[in-house]
Every structure is written in structure tokens, then in C-alpha cells.
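So, here's a batch of structures to check.
Below are two complexes that have chain A in common, paired first with chain B and then with chain C.
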Partner chain A sequence: MKPPLVKRLWKSFERTRVGRSIFRVGLPESRLERSRAMISSFLLHVQPAKVSRRSLRPGYTLGLGLISLYLFLILIATGVLLMFYYVPSTDQAYNSMKDLQFVVSAGLLIRNMHRWAAHLMVVFVLLHLCRVFYTGAYKRPREFNWVLGVGLFLLTLALSFTGYLLPWDQLAYWAITVGTSIAGYAPLVGQKLRFLLLGGHTVGQEALIRFYALHIIVLPGVAGLMIAVHLWRVRKDGGLSRPDEPGDLVEQVESGQLPANKTYGLMELARGTTPQVGKDPEEEVSAWPHLVFRELLLFLLVVAVVLFLAIFWNAPLEEFANPVHPPNPAKAPWYFLGLQELVSHSAFWGGVVVPGLLVTALLLLPYLDRKRAGIGRWFARERAVANTIFTLCLVAAVVFTVIGTFFRGPNWGWVEPWKQPPAVTEGP
Partner chain B sequence: MNSSIPSNEIPRRGFFQLTLGWIAATLASAASAMAAVRFLVPNVLYEPSQRFKAGKPEDYADGSVTFLEDERVFIIRKGNAFRCLSAVCTHLGCTVNRIKTGYHCPCHGSLFNNQGKVIGGPAPRPLPWFLVTLSKDQRLVVDKSRVVNGDKYLVV
Partner chain C sequence: MNDLSMRKFYGWFTALGLLVSLLVVVGFYKDTSRPWKTYQRQYIEQEIRRASTPQEKLLAETTPVEIHQILLPELHRVDRCTTCHLAVDDPSYAGYPEPLGYHPLHDEHPFEKFGCTICHRGQGRATTVADAHGDVPHWDEPMLPLKYIQASCGQCHQAADDPAAPELARGEQLFEDRGCRGCHKLHGVGGNIGPDLDNVGARRSPEWLRKHFLSPASVTPGSAMPPQKFSETNLEAITMFMLSQTGEQVPGYYASMKVIPSSSEGQRLFEQKGCIACHSIGGHGGKIGPALDNVGVRRTPEWMMRHFRDPQAVSPGSVMPQFGFTESEARALTDFLLHLRDQRVVLSLPALMTPVERGREVFHKYGCAGCHGPAGKGGVPNPNAKTAEQVPGLIHVADGYTKKELKARILDGQKEIAAMDPKRPPPPLYMPSWRGTLNDAQVDDLVAYLFSLKPKGEDLGF
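For the complex of A and B:
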């Protein structure tokens, strides 16, 4: 049987002088070439040449980390496009949003994609965190990668929050006013932090330019770097976690300590677990095409979903920001509404103690929970206690967020979303 | 000591060099970090001054609570003691109104007593008291950037 036309055309291009100068290894045919294709290409070498069949099972990771990465890439692509029109000034910001909506070709679509991808990223980074917890994948030697992941989760929130102000409409203005007020509740440094963040006492031009700088370069730069380290550590820490992996690192052996009458292979000098330790060759398949194909497919799926949302639902844009006229109720972005709900009960406990303890607990988790049992399996019975505690915290966070989002009306009073909202009483 | 065998001991000169190097590196990093943070603190604010003159003490009647609309504060006089209370609700920044028992926020219904303490509603913190001083030309000066305890008075 002859190979398909596309493949034959590609092959003949590869054989040309230009083709050979671009691709160090052509379209791989043999097992050896498949490995070489992976390790000799800049874009592919981040990944192993061989992956275990287990890691490819979609039911284990659900692709949540990869989806988060794809959303980040979509956000960068659309964000850079938006930057060509957006002006970070209180006079012009809102107008540039209107321009994007009504004048710029595909401006509305790009902005919608950016907004929905941002919301999705908050959701998927959180889901990814949950997956890693429920599969016990944060334990040695992956402790530090979990810490990096928690950092990336906080960065995702910060990225979304700083972007929220930029449209300079009522929604943006008051969400940031309320959100930074919550930050101001932190003891000792709270008010100073808020002042530093806003560059003043109220949300104004200084705050807008600061949020802009943070949103377009500082936070994405730090996040991009941390994502790179995060991915690199996934490989260096031995690939995806699995139940049968060796618990302890291979001890580093000083060359002087080796007995002279024995020969050693290099693998015995290598430090740490590698993806190959304790693995059977039969469990493995070539990353090309098995892994690469699945990744491309998932990318297409993510783009398709974001496009679908962006085509059928528009990102909200309310009227021009009005500092003397707060909406009632004034709400923070949805992912902070659980926090706002807590703060409405007690500023100190809800705004400082609970979030502070949660973040601290997440950061310390891999160093406190050191039991080796139940790694690499979903909801392992051996981890019932940890899973129960985590689930309770998660459910509480979701319940508070849902209450803050749907059940709070004017004066932060209780409303039932399926009923007609009560008449809003205006402030002075 | 045989010079051909590497030793783990650090010679005295090396130790001092190392210590000096670390101290210099730490100081340089700390100074750079401080300069960066200081750079981010604005020296000029394009917003109304936090410190303002509130007129002569005689302008306020004994036992009165006077609302200054532009500055959003209450000037409270009792005998010859003066205090200044913020009129900005600590919940979300609306202006509170004076009522018999204290202060009431019309936005989200927070209630404060005469001491500015929260007695109802979503406000998380009491209304802050601001430092009141007397200028050389005998005017009250309020500094909204300096919060004081409610029992601190300016006695004129």
C-alpha cells in the first residue's frame, strides 16, 4: 500500500536541502527515529522520548494541567492582540473597550476569548490542584513541584484580578475597590499593601497603570517562568506519579567510594529517580506519536471550547466607571466572592485567618503528609482522612462562593436567585 | 599540610574573604530590594490631601457633631475637647449619616454607635478616629492618614 499523498509530499520536501536544514530528524519511521524526533527538536525535547502507558490514560490526569497550560497560551495570544488597541488611561480605557467591541474586526471575539479563557483557567488550575491532591501526587520527590503549583494557582488568581480592572467599567471599578478592600483587612501590612497596589488611597489612574503593568508583563513573566520550571520538574521528578514507583531517591555515590573491583554503569551514578527507574520496557510506548497526537488533539479541543463560548456569549461591559456611585451590592470577581462572603461575617477571621491558613496549609502539605501509601491512585483508601479534610475545605469554598455569587443581593442581604430581586435602595 | 591533597579546611584569609563577600552581597541585594519597593511608593498623589485645616475651634458649638462634606469627616466638640471621626463606612466606602444613637450607612445598613463601634450590619471595622492638632494660626488640623484611639482629644 502506498503512503497517503500528504505524507509523500512531506517526505519529498524533507529530502530537499531546505527541508533537511529545518528538520534535524524527518518524519520518523522506525522506533529509533521516533526517539530521535523527540529529543532533537526544541519544542518536543521538553517531553520524554518514551512514556508509560499508564501516564497516557486520560482517566488519570484528565489532562487538567495541560488544559491550564493551553488556556495560558490562548490568553497570551489574545492578550497580545488586545494590547494593540487598549490604552491604560482612565479617559481612554473604556473607549478602547468599546472600539474593540464595535469597531475592530474580530475585536469582540478576541476579547470574549480572553475573558472566557481567563475564567476557565481559574477553574482548571483549581481542578488540576484537586487532581494532584486526590491522587496523592504531591509526595516525595514532588513536594517542591506542588509548592510551585500552589504558587501558580495564586498567580492565576492575581492575573485574573489585575485584568479585571482594565475595562474601567462599573463592574471593573467596584470589583477592584471591593477586592483591594479585602486585601486591606490583612493585619499590619494590609493598608500599606493596598496603598502600594493602588498607588494611592482610591482606585484611580495610578491603580490602573499599576494593574496594567502587573497584568501584561510582571505576572505573565513570572507565571511563564514558573510554568517552565513546573513542567521541567514533572520530568526530573520521575514523570507522572504511579503506585509502583520507588519511594526513595537513588543515593548519590561519590566516585571515590566506588570499589575498584567492580564496574558501574552511568545510571548508578545518576542522582534521583528518572522516568526509567523500575520500569519495564513493555510498559512504555513512543511519545511520538502517542503522546504528541493526544496533546495536539486536546489543544484543538480547548481552542474549540473557548471559541464556542466566545462566539455565543459576550464578555460583560457595563457603563463607564463612576467612583461616587457604587452598585448595590458591589461584588468582587466571582472567585473572590467566597472570600467576600466570609469577610461580610468577620473581617479578621474571614479575610485574614481562613485564607491565610488555607494557603499555608497548601504550601506545607507535602512536608507534613509524608505517608507513602496511596500514591498514584484516585481516592486511595489509605488517604481517606486527607481526602475527607480536603473535600470538606473544597465544598466549603464552593458553597461560600455560590452564596456570594447567587444568594447575595442589595445590602449583601439574602436573596433567592429564582425570585424577583427586591427593589434597590440607593445610597447618597 | 600536604598541598597535593585538597583539604576541607578554609584558610583564615579565605574565611574572611568569604564572610566579607556574603555580607556585601546581602547588603547589596537588600539595598536594591528596598530601593525597588521605595520606588513603587508614590511621592506625589494626585488626590485631595489627607491633611487639611478644619477652621477655628470657635466655629464649632459645644456638644456639636459637624459633618464636613468635602472631607467626609465629623468634627465632634465636647467642652473644649475636639475629636474627628471618619464618615466613610468601613464596609465599602459609602458616607454614613448621623443619627441619634450614632451613625448609619445608607448603602448596606451598617450601624455604628457614638464611639464609631460597629453595632450592626456588614461593616467589618469601627469608623476610625483621626488625629486633630492645632496649627500655629490657631486652626484645627485633621490628618486623615493618622488614625488614633477614640479616647484621644485635642484640648484647646
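For the complex of A and C:
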């Protein structure tokens, strides 16, 4: 059977002098070449040359982590394009948005993509966190990677929140005013923290430039680095989580215990296990193409979804920010509306204790829950208690967010979204 | 086995690749098919049809389809209206249907310097019909209906003496005569019972303003403002004047055009700058400088213009200081001085007026008439006030107050107005304190004026 035309063209390009200089290993044909292709490529070497069939099953990970990564990449690409037009000044920021919409080629489309990818990233990072919880994948030796993951979740929220201010419209201005005032409820440090974040007591030029710097360089830089470590740890902690099997979890050789009159190969010093050790070759397939191609397909799917949303639904842009005319109600970004709803009941409990406890619990989770049963399976019966607690917290968070988003009207009063809102009378 | 599984991938790659490509094409199409391009092509077709020589035809055919914009950094505006309204400066398009109509009257307001939205409002940066005309949610400045367009003259020009905006001038006159300032501040002068009006024209629509004048409580529940009686023309005029108060500060060149040179403006400047301290007119005034009664005969207008800019340049040894008059101020003063030749001018100079006359000016300027009626005759409703549910008139104050008591009353005001029926809401209007707004001399003059209101021939005793 003749290989397809594209492949033949590619092959002939690879054989040229230029082609050979770029690709250390060409399109691989044999099993050996496939392994070499994975190991010798910069972009691919973070992944194993062979993967277990288990890891490829889409039903296990649902690709949530990878989707989050792709959204991050889309955000960087579109964000850089937006930076070419955006001016972080209270005079010009809003006009940049208008110019993007009306005269910049594909400006609106790119802004929409950025907005939708940002919302989706918040959702998918949270879903990824849920997946890892429900499959018990945070247990030893992956405890620290879970902690990194929780950090990345918080960073995602921070990235989205800092980006929210940049259009400098009413939506942005008041969402940030409300959002940062929630931060102000923290005891002792709250007001100082808010001042530090805003560079003043109200949202103004100083806040805009701070949020801009955080949004375009500080937070993405930190997030990018943490993502790299997160992925690297996935490899080093033994690939995707799976149920314990005999031979797993070989104790690390403590350097103090090593007899000094012996030489050691690197393998002997390596910690834990790698997926290959002690496994039947039949359970594994080459990462090229089985893993790499699936990943590429998923990328195309994510791009398609983001493009689709961006083409048909515009990112919101309200009136120019007006510090003396707050909307009623002024709402934080949607992912903080659960928090705002809690704060409306009690600033201290809702704004400090509950979120503080939740984040602390998430960070400490792998060190508290150390039972080994039920790792690597969804909703394992052995983890019923943990799963129930987590689900309750999750449902509560979703319920509060839905209430804050849809059921709160003027003066944070209860409204039913399917009913016509009462006519708001204007002040003098 | 491997080739087989590869085939499966190819199918997926093809499908998803096609999907992404399709979406890119749709996105690209949506981005490039903008309505303004259709308008430009229509204009180009029109131009080709009208071309009479091959050169003109070639020029029309090679007109690029592109965004046209007027950059107005001083006005913080970018106006892209001419992207669709391509023939605004071409008189041969007079009478064409929009967007290809011709815009007359641009000799004094060239588009390059003014753009469009400073007068017409709307959204200059936008390039779709609804967005540009401002008929979209989240845009506070829809286009100003053409019948109110004079309101925009007031953004740069003093309304009173803009010959092109008579209705606006009438609106301003009404504003002062009806005593609106008694309750409302405008440009820092006025009372504080009602809200400041400095940017009311940007906040309110014409419809809202009209409704509000006729029945304030119908659009602002609980408003203390009494309903106003206006004829239809006056209602339009006062609405127009309110619309002109947008609070936008025009800079530099535009602000310098505030004064449209006229002899009445010259007179105002003459009074305001204290020229009378050194010069005299009709025997009144200082003796340091020459009398000005017949200066228009002695000097040419050019001489005067030069003189205002730099007195010493044309009259060596003159002690007259340089006032730094703008071009138009100098022209206004020149007009005024030339005018002196033809007719007698009655100067309203504080020093030349009686206390009663000055008091009348204070009464007028601070809007006392808004509550106490024109010339203090009363009749303004104040629901539930003990004084017959009206704000009391002032013509009899001379009977009940000493001058000293009246002065204290004006300075202190009276926040609590006695209610007729304690169960009903308290009377909305009250006497504000004028301390800090009026100075001592002004209050004295005002008291003198109020005392003068007592009708002639009435006895003190009863």
C-alpha cells in the first residue's frame, strides 16, 4: 500500500540537507525509531517513549489537564497579539478595546478567543482537580504534584482576575472593586493586602498598571514555570496514577545507607519506579503515534471549540469605567460570586474562614489522606468518605456560585432569573 | 497493526483539521465582511458613474476601500464617521440620501479640526451603523437629534452671543430668569437643594429632560422641584440649554473660541477687567488713561488690535499693562470701542450702580426667583408648607424684618420649614444658607433690593 501523499512529501523534505539538520530523527517507521523520535526531540522528550494502554484510555483522565495546558497556550498566543494594541492607561485602555472591535483585523475575534479560553481554563483546571481527587491520584508519591496543582488552580484564578480589569469598563471596574474588597476582609493583613494590590485605596491608574504587569508577565511566568515542574513531576512520579501493583513503590535508597566501597549506576539511585519496570511489553505501546497523535487531535478539538465560541459570542464590553456610578448589584467575576454570596451573609466567615479552610484543606489533603486503597480508579468504593466530603464541598461551591450569579439582583436581594426584574427607579 | 491504527488517526486528523479550517474561514469572513465596505463600494460606483473624463474615472476606480478617520487628540476623539459618510465635504452631493449626503457649514468648523462627534455625539470610533450612532446598550452618548444640535454650540461658545444658536441663547436666558440657580449649581454657582447640573446634558436624554420640566416627580420620584410652566418653544429652548451642559472641558484652541467676538461681549470684558479704573466713558471712570468716548474716530481697528496685544508697541511710554487678551477677546473689545461712536452705552458697572440695582443683579444671578417667584412675587408651590403650601413671596419683607434680621435670615437659611399637617411628608423646599456663597456686600445689596420691593403707596401700619 502506498503511503499518503502528504507523508511522501514530508519524507522527501526530511532527506534534504535542511530537513536533516532540523529533525534529528525523521518521521519514525520502526519501533526503535519511534523511541528515538520521542527521546531526541525537545518538544517530545518530556513524555515517555512507551506508554501503558491504561494511560491512553480517554475515560480515565478525560484529557482535562491537557485541555487546561492547551487553553493556557491559546491564552498566551492571543494575549501577545492583544498586547500589540492594548495600552494600560485609564485614558486609553477602553479605547483600545473599541479599536480592537472596530478597526483591527480579527481584533474582536482574538479578544473573544482570549476571553473564552480564560473562562474555559478556570472551568477545566477545576475539573482536572476534581478528576485527580476522584481517582485518588494525589497520593504518594504524587503528593507534592497535587500541591503544585492546587497552586496552579489559584494562579489560574489570579490570572483571570487580573485580566478582568484591563478593559477598564464598568464591568471590569466594579468587579475588581468588589473582588478586592473581599480580600480586604482578611483580619490584620486584609486592608494592607488590598492596598498593595491596588496601589491605593480605590481602583485607579495604579491598580491598572499593577494588574497589567501581573497579568502579562508575573503570573504567566510563574504559571509557565509551575506547569513545567508539574509536567516534569508527572514523569518523575511514575507517569499517570494507577492502582498499586507488586513492585511499585520501591523504597528509595538512602545515600547514608549505601556501602561506600561500591560503584552505582544512575538506575540504582533513581527514586521509585518507572512505568516500564517489571511490566509486560504487551501492555505498552509506542508514544509515537499513539500518545502524540491523540494529543494533537485533542489540541485541534480545543482550538475548534474556542474558535466556535469566539466567532458567535462576543466578549462583553460595557460603558467606560465610572467610579461614581456603581451598577446595582456590583458583582465580582463569576468564579468569585460564590465567595461574594458567602460574604453577603458574613464577611468574616464567608470571606476569610471558609475560603481559608478550603484552600488549606486542599493543600494538606495528600498528607492527611494516606490510605493506599482506591488509587487509579474513578469513585473507588474504598474512598467513599473522602469522595462524599469532597462532593459536598463542590456542590456547595457550585450552588453558592449559581445563586450569586443568577439569583441576586439589586442590593443583593433575591431575584428569580426567569421573572422580569422590577423596574429600577432612577435617583435624582 | 501499526499502519492500521495510523489510518484511524488520519481520519480524525482530516475531520478535525477541516473543522478548524472551516471555523478559521468563517471567522475570517465575519471579520472582513464589514458593512462600511459596502457603503464605500456604493460611493465608488457613484463616483465612477459621475466621472466625466477618463482621468476622473481612473481616479474613482482606483479609490482604495479603507477606514477613514479624523484624529482629534486634543478632543480625545477619533471620528471614523467619514468611513461611511464619504461625501460630507463634497457640495455636489447635496441632497443625496445618507450616508452619502453633503454636510454644509464647514467653513468655520473644518472637519479636520472638529471631526463629527463633538457636535453630533454618537460613537466616533465605531464603524457599524448602530454602534456609531450610539443606539446600542452600554453607550451613553447617542447621537443628538438634529433639532437639538444648537446645544452643541454651547460646548465651546458662550451661548448668549452665538448668533447661530438663538434657541440656545434663549434657553440660557430662561435658565437665569427662572431662577434655576436658586436650587441648582451650574459651573459652581447656585444652591444645593437640587443636584449640580454641570454634566446633566451628558447624563439625560432630551425626552427625559422635557418630562422632568413638566412634571419632575414623574421621572424622579420624590423630587422637590416644582413643576415648571413652559410654552412649547421655551420648553425646547431650556431642554436645549440643559443638553449643552455636558461637563466636557474643551481644550486649547476650542476653549479660546468660547467668546464669539461681539460688542456685547466686549462690553462684558470691559466691565469685568476693570478698564473703567483708568479710562472713562461718558464722564464716568478713571483719569489715568484717555477717555474712550470717541476712540473709534481717533483710532483704526487695526491699531486697537495691536494695542490690546502690546500697548507699548503702538503707544510708546503707555502705562497700560498687557492683559494677555486672546485674539477673539481683543476683537470683541475693539468691536465694543468702535460701537461707542454710534450709540450711548449704559454700563452696568457695580461702582456706578445703586445698591438696589446691584441687589437686583444678585437676586437674579443666584436664582432667588426660582422659589420666591419673579421679583419676589411668590406663588411657587411647596406642598405641606404652613405658608399656604407655597414658598412665601418677598415683597412685604420690609414690614416684618429689620435689615439686620433679614440679612441673618439670608445668611443662615432655614432648613426646617413648618409643616401644615405633621402627618404628611415635610415640605420639600427650604431656605438654604447663603453664607460662603454671597459676600457681605452682596447680602447688603440684596436686602436693599428686597426692601425696595414693598409696593408704593402702601402704609406701614395695619
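Rule of thumb we're sticking to: the second predicted complex is superposed on the first by the 399 of 428 C-alpha atoms of A that agree within 3 Å, B and C clash if a C-alpha of one lies under 4 Å from a C-alpha of the other, contacts with A are read in each partner's own complex, and residues count from 1 in each chain.
Following the convention adopted for this analysis, a residue touches a chain if its C-beta (ideal position, glycine included) is under 8 Å from a C-beta of that chain, and two chains touch if they have at least 3 such contacts.
Since this is a predicted model, take the numbers as computed values, not measurements.
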Joint occupancy of chain A by chain B and chain C, clash or fit: fit
Which superposed partner A:301 touches (first chain B, second chain C, both, neither): second
Which of chain B and chain C A:347 touches, first, second, both or neither: first
Touched partner set for A:98, first chain B, second chain C, both or neither: second
Touching partner for A:108 - first (chain B), second (chain C), both, neither: second
First, second, both or neither for A:313, with chain B first and chain C second: neither
Chain B versus chain C as contact partner of A:378, first or second or both or neither: neither
More chain A residues in contact - chain B or chain C: C
Which superposed partner A:206 touches (first chain B, second chain C, both, neither): first
Partner chain(s) touched by A:326 [first = chain B, second = chain C, both, neither]: first
Superposition-derived minimum Cα distance between chain C and chain B (Å): 12
Residues of chain A contacting chain B in one complex and chain C in the other: 425, 427-428
Touching residues on chain A, where the partner in the complex is chain B: 177-178, 181, 185, 195-196, 199-202, 204-206, 326, 328-330, 343-344, 346-348, 351, 411-412, 425, 427-428
Contact footprint of chain A on chain B as seen in their complex: 37, 40-42, 45-47, 50, 92-95, 97, 106-109, 122, 124-125
Chain C residues touching chain A - in the complex, by the definition given at the top: 3, 5-6, 9-10, 12-13, 16-17, 19-20, 23-24, 26-28, 30-32, 67, 69, 76, 78, 80, 123, 125-128, 131, 138-140, 194-195, 219-223
Contact set on chain A toward chain C in their complex: 1, 4, 91, 95, 98-99, 101-103, 105-106, 108-109, 169-170, 289-290, 293, 296-297, 300-301, 303-304, 307-308, 310-311, 317-319, 425-428
